[in-house]
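The following pair of complexes shares a single chain, chain A, combined with chain B in the former and chain C in the latter.
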Partner chain A sequence: MELETDIVAHAFGSARLRLANTDVLVAVKIEVEVPFPEQPDEGKIEFFVDCSANATPDFEGRGGEELAMEIANSLAGAYKSTQAFDLSSLCIMKGRKCWKLLVDILILECGGNLYDAVSIAVKAALWNTRIPKVLSVHLDGNKVEMDVSDNVHDCEKLDVARAPIMVTISKIGDHCVVDPSSAEEQCSTASVVVAVSQKRFTTILQSSSGALHPTTLMDCLKMGCEVATQLDMALLQILMKTPSQKDIGFLL
Partner chain B sequence: MSRKELISEIGLRLDGRRAHELRRIRCKLGVFTQPDGSAYLEQGLTKVLAAVYGPHQVRGNRTKAQHDSAIVNCQFSMAVFSTTDRKKRPRGDRKSTEMSIHLRQALLAAIKVELYPWSQIDVYVEVLHADGGVYPACVNAATLALIDAGIPLKEYVCACTASLANNDVPMVDISHQEEIIGGPTLTVAALPMSGKVVLMEMSQRFHLDHLPKVLDKALQGCKDIKTILDEAVRRHVEDVGSSSGWGNTSEKART
Partner chain C sequence: MLQKVHIRLAENRVNTSVAVDRRIPKIFTPGEIISEQKEFMRGHGTYEQDDYLKASVAGVKEQVNKLISIRPLKSRYNGEIGDVVVGRITEVQQKRWKVDTNSRLDSVLLLSSVNLPGGELRRRSAEDEHMMRQYLQEGDLISAEVQNVFADGSLSLHTRSLKYGKLSQGVLLKVFPSLIKRSKTHFHNLPVGASIILGNNGFIWICPIISNEEDNVGGFVQNLEEVVPRPDREAIGRLRNCILALAQSKMMLFDTSILYAYEESLKYTVADLLIPEAMVDVAILTQHRLNIAENS
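Presenting the complex of A and B:
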């Protein structure tokens, strides 16, 4: 598994993950917007997935849209819980202005286990995101005046310790298998994707046709939870290490 | 009010280059394992990924298959984060469709399609970062990807942009800033070794008298790019070949 952050220059945060044959590129951009009336002190987060035709010719034109929709919706569902991702840190002025995170995911190569790779890359990109510091904000009549710091290094980071990690568990024969390759995915009877954050599930979805017995399902979920927690710890450790200054990208 | 000059008095452009200098080109062949051929190319800050699938059986509409040549299918797509303002749709808009058609036109001039009747070759290009010269970078990356896929080409297809500064100095390899500030841009795709022009496109306008020198500049740029790409291809073949023993199967040849 290879992870590299800060590779897209125009974005506020980015990450690229290479997991065997799966290659995912995530970029995070931010905009200022008016918060939803039902949640006036919360920011917004939006996911957009693009399946590039580089991955397989079937994704040409609008072919990859179905898969892209599924992944985007599952991510949105996983990040909806406030315990997983705290949107109130994105609020600038209650009811008037908030930050909106636009997470753009580009799938470059599809080698099985897409949900896991995407969720890890998204978490790394969010960890890498730098939000410019708002120096002052006040109401001037009916308009909101915002003063944002011009200094590139004067920025805030997001708290992604509790962001969910997705794990795919497939049932092949009598065994539950984690991290299936594309060949294993095709011969599995059923597979479950779980999004786990701090030992709690945020989303569970069944991603292929096939039925599972409830006991098998519980086993799968337990295994998924354990694996996700371990993966989460390992990921946070790697992200904490000081990054190297080399600009490698795709050249290596 | 200060207006940025495209070329200063001492002959330096906005990013410190001279009029005839290209931006730094870095490239790598074989970045992905799934496609038959793939390449990554950086021209300055413009980053492009190209993938080639084929030749394979014609997908979709079988009636499109031709009895004497292969069909070349190109798709140009820009990542939503490639431009400073976030793009809403990666492909499907008019500009992307036009670019796909131009890309196809450029590649058809070089691919030996008569060798693969009843087949299809897919070329997919993804722009990761757009900083001027997007079309030339795509053509160059697509050429490298085709070479990586082992598809026979008549010769390299290279593309380059050129422009006119201060109304009389021709410049080569235009960056995004230079495009915005002013000046007409001439995009040329050519077969450098034979000197033939495959595609020529221009934005804005300049006097016809200036055309030969701008075109010359662009063609020279194409030749220079071909040298760089050729070197990269040879290095890649050396890497791949030497690690597999140059295909030698006999024991004696290995010593």
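Presenting the complex of A and C:
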């Protein structure tokens, strides 16, 4: 598994992940928006998945759209819980202004285990995301005036320690395996995707047709939880090792 | 049984090159000028523009007298008569099967160029045409030999020998066709407890040793019930990872190199062989042993 962060210069945060033959590029951009009336003190997060036709010939035309929607929805579901990802830090002014994170996921190559790769890349990209510091906000009549710091380096990082990691568990024969290649995915009779954050499940979904026995399912879930915890630790460790803010070019 | 999770940063990528002190041939990139003179002839992978001869693919130069051609490093399989290939049936048609052999066009396997059960001199009846899907159906893997190359580059295959036919239990691996070394035989029974078919098209088939070839009449029997014992499966898995290691370092694949790699890999567990460092280590040690064997 190979990870690269901060590779898209124009994005606020980005990451590229290569897992065997799967290649995923994630870029995060941010916008200022009005928060939802139901959650006035929370920001927004949106996922958009694009399946490039280069990934597999199946994605040509509209072929990848269904899968893209599925991945985007499961990610949105996994990040929905406030315990998994705290959106309140994205609030600028209650009920008026908030940051909106737009997470763009580009699938460059598809070699199996897409959910896991995407979730890891998203987490790395969010870790890499820097939100400009807001110096002051004041209300002028009905208009909100913001003063954003001019310094590019003067920005805040997101807290992604609890962001969920997704793990696909496939049942092949009598055993359950994680991290299947695309050939192994074809052989699997059933598979479940679990999103785990801090040893707690946030989302569970079935990604292929096929039934699981309740005991097998419980074993699968247990295994998924363990694997996700390990994966999470490994990811955070490697993210700590990434060089902090290299100066690229001479203008910065 | 959980294994360690390996995540690495892209900047710590392992250099997979094993060319220690060997001279690396010049690699031309598409559009690069090969020669400025006009006296050379234009071969494959080249084109003429503004009186220059330029490369149209990325690869190394090959020159035969005045004919210059560029052989691409990576390409689809260009078949030659007599090549051993491993392929997958994609379609069953009238009197023929379509086979995916990693070439630009699907290859054909004619019903008349297979050995049907019941002897070589059997007449093919209309019934055989109806039975075609029972012999070979979509998704089946076969080994075959290239019988003919058509004008458009597509291949005609035949399996008129007992060694060719349907493949049953084993592992398929895909590497670049240019990495397979051409040799007298592409069927090897390795002493480590596995047989290997090195298809010239870059498809490699690893399977447990075929014990009695007498059973294998016609090559349409598939024994999927027989359970392959775990040591054999481990040997197959190790071989697969060794071949992947060699292929990653762009080393030629033939029986000796694979066997050397297998022996050098014994210090790692099968799963550890997927770590880039271990893969390069195996490739370097194999290259070293090949050099020694070559010089002695």
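Keep in mind that, in the parts below, the second predicted complex is superposed on the first by the 242 of 252 C-alpha atoms of A that agree within 3 Å, B and C clash if a C-alpha of one lies under 4 Å from a C-alpha of the other, contacts with A are read in each partner's own complex, and residues count from 1 in each chain.
FYI, a contact is a pair of C-beta atoms (placed from the backbone, for glycine too) under 8 Å apart; a residue touches a chain by one contact, two chains touch by 3 or more.
Since the model is a prediction, treat every value here as computed from it, not as a measurement.
S.K.: Is this a clash or a fit when chain B and chain C both end up on chain A?
M.R.: clash
S.K.: Return first, second, both or neither, reflecting whether A:Lys241 touches chain B, chain C, both chains, or no partner chain.
M.R.: second
S.K.: Looking at the overlay, what does A:Glu2 touch: chain B (first), chain C (second), both, or neither?
M.R.: second
S.K.: Once chain A of both complexes is superposed, is A:Leu102 in touch with chain B (first), chain C (second), both, or neither?
M.R.: Only chain B; A:Leu102 stays clear of chain C.
S.K.: In the superposed arrangement, does A:Lys29 touch chain B (first), chain C (second), both or neither?
M.R.: The answer is first: A:Lys29 touches chain B but not chain C.
S.K.: Applying the document's definition of touch, where does A:Ala55 land relative to chain B and chain C: first, second, both, or neither?
M.R.: In the superposed model, A:Ala55 contacts chain B only, not chain C.
S.K.: After superposing on the shared chain, does chain C or chain B touch more chain A residues?
M.R.: Touching more residues of chain A than the other partner does is B.
S.K.: Which stretch of chain C would you flag for clashing with chain B, going by 7-15, 25-33 or 259-267?
M.R.: 25-33
S.K.: Residues of chain B touching chain A in their complex?
M.R.: Counting only chain B, the residues touching chain A are 26, 28, 31-35, 38, 40, 42, 45, 47, 49, 51, 53, 59, 73, 75, 77, 79-84, 86, 90-92, 122, 124, 126, 128-129.
S.K.: For chain A, which residues are in contact with chain B within the complex?
M.R.: Residue positions touching the partner: 8-11, 14, 21, 23, 25, 27, 29, 48, 50, 52-57, 60-62, 102, 104, 106, 108-111, 249-251.
S.K.: Where on chain C does chain A make contact in their complex?
M.R.: So the residues of chain C in touch with chain A come to 2, 4-11, 13.
S.K.: Flag every residue of chain A that touches chain C in the complex, lowest number first.
M.R.: Against chain C, the touching part of chain A is residues 1-4, 16, 18, 120, 226-227, 230-231, 233-235, 237-238, 241-243.
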